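Contents: one structure, followed by commentary.
Note that the chains take the letters A, B, C and D in the order they are written out, and that residue 1 is the start of every chain.
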Amino acid sequence: MEPQTIKIRVRYSETDKMGVVHHSRYFSYFEVARIEYLRNLGVDYASLEKEGIYLAVLEAYCKYKAPAYFDDVLTVETCLTKLTAVQMELTYKVHREEEGQLLVEGSSTLACLDTHFRPHRIPEEVRKALGMEESEG
Amino acid sequence: MEPQTIKIRVRYSETDKMGVVHHSRYFSYFEVARIEYLRNLGVDYASLEKEGIYLAVLEAYCKYKAPAYFDDVLTVETCLTKLTAVQMELTYKVHREEEGQLLVEGSSTLACLDTHFRPHRIPEEVRKALGMEESEG
Amino acid sequence: MEPQTIKIRVRYSETDKMGVVHHSRYFSYFEVARIEYLRNLGVDYASLEKEGIYLAVLEAYCKYKAPAYFDDVLTVETCLTKLTAVQMELTYKVHREEEGQLLVEGSSTLACLDTHFRPHRIPEEVRKALGMEESEG
Amino acid sequence: MEPQTIKIRVRYSETDKMGVVHHSRYFSYFEVARIEYLRNLGVDYASLEKEGIYLAVLEAYCKYKAPAYFDDVLTVETCLTKLTAVQMELTYKVHREEEGQLLVEGSSTLACLDTHFRPHRIPEEVRKALGMEESEG
């Protein structure tokens, strides 16, 4: 699948006393990026949850190369890198828009769960939207 | 009712680029203090929610007098200042433990709600625990 | 001054177990709205801080009328309601964009401080941008 | 070095609409645990920053095995797993205290930086406190 890019402006409340974006905040940026990624492919995650389907984070990773500052406009590029019947992996690259510096790289593995937090097959319409062939997974 | 006091140590992630605790964080401190206040009176808020009773914030206020810093030990004094059949008001005072300086004062008004977010009478055992006479409210 | 409006989409990480936006989060929304309000009038708050001028929150208030949910698009209307030589007061109204319901109203009082957190006169260019006459304050 | 364990009670504001602790929150728990780990060995991180020495996160990882809920008491076990002249790696295990279930495992790599965010040798007293021999790193 094609990577997709969104923009996020750093909020004051996301900085810490080091004067930079707190490292934990990028996981929320990744989450925002992931939800927009799905939306752009026609998958409305809020509706999915209303139907009792959750995409829960199984693993999260982030590598910090340079700091982001208050009011910076960041681009977050999201790419689907793995898709099975019950899991997906996405990777993220965060750049500062102004000069294009790569600040952060990360990834997350998500598991599809039902309302009892049991593994659940990723719904067919989601798999199709994500470009998976019927025969796969 | 007697005021009650808890201690909270400021986390790094609660500071902002000004080098102080972000003003929005005190509302979470108040929430922690409120839940401990209830626990000390014999009300387990987590159980209350499991029974379908919510105490939702209707109003929140905070006045900032001096900054708190990373790693400061804060005392949060909680006092129940009003209690009716369906609402309660609590006030909070935050001091830095070290020299006792008053940093922040605040208050919150809570409404008792059911699972459909409709007003609900505060359960009898909660009202008793909070010291309200049967005849009141 | 004319009120100004921005849009914010509710992030997943901003919700709590009640299924709604946590009450403390609105203070960060207000902050985002305030900074955009200043930017639209030609005041770049990030630059102001680089010059050693801070606008610190002295008081914050919020009244909650109806919940906001994950993925809701919110409009935050900001209005400057008071301006003196060293302080300003802003008020905020948050609506859900979809049906226009008023969810939250709030206000904040800000004090202009120097790098030592001492009161400092609001810089002339900021007061002009905010529409204050030379003779006022 | 011996692992060390602290306790953290889950705050309401740390949960999300899935009813569990938001995955990004564990990185703040790790940070709290790391700072207590250092304190127990005689290293006061707040003082270190006042002297212009920062321990910045280079990499962060977390694996989620089971959810934590509001009001759960968690134990966070911290272990120093690597120490060089300029970096350290710590690993974390989060259990629910009540029945001892392992919920989350994670790690972080920290770089020692000066106030200009340039690599800086970990101060001798910190290396000693962490049990490193003079000849190492």
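Operating definition for what follows: contacts are C-beta pairs under 8 Å (C-beta built on N, C-alpha and C of every residue); 3 or more make two chains touch, one makes a residue touch a chain.
As the structure is a prediction and not an experimental result, all values here were calculated from the model.
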By C-beta contact count, B-D versus A-D, the higher one is A-D
Relative to chain D, largest Cα-centroid distance belongs to chain C
Between the Cα centroids of chain B and chain D the separation in whole angstrom comes to 28
Cα centroid separation, chain A vs chain D, in Å, comes to 24
Residues in chain D with touches to at least two other chains are numbered 12-13, 17, 24, 27-28, 31, 49, 70
Interface with chain D, chain A side, in the complex: residues 17-18, 23-25, 27-28, 31, 49, 54, 56-64, 67, 117
The chain D residues in contact with chain C across the complex are 12-13, 15-17, 19-20, 22, 24, 70
Note: in the complex, chain D contacts chain B through residues 11-13, 27-28, 31-32, 35, 44-46, 49, 69-71
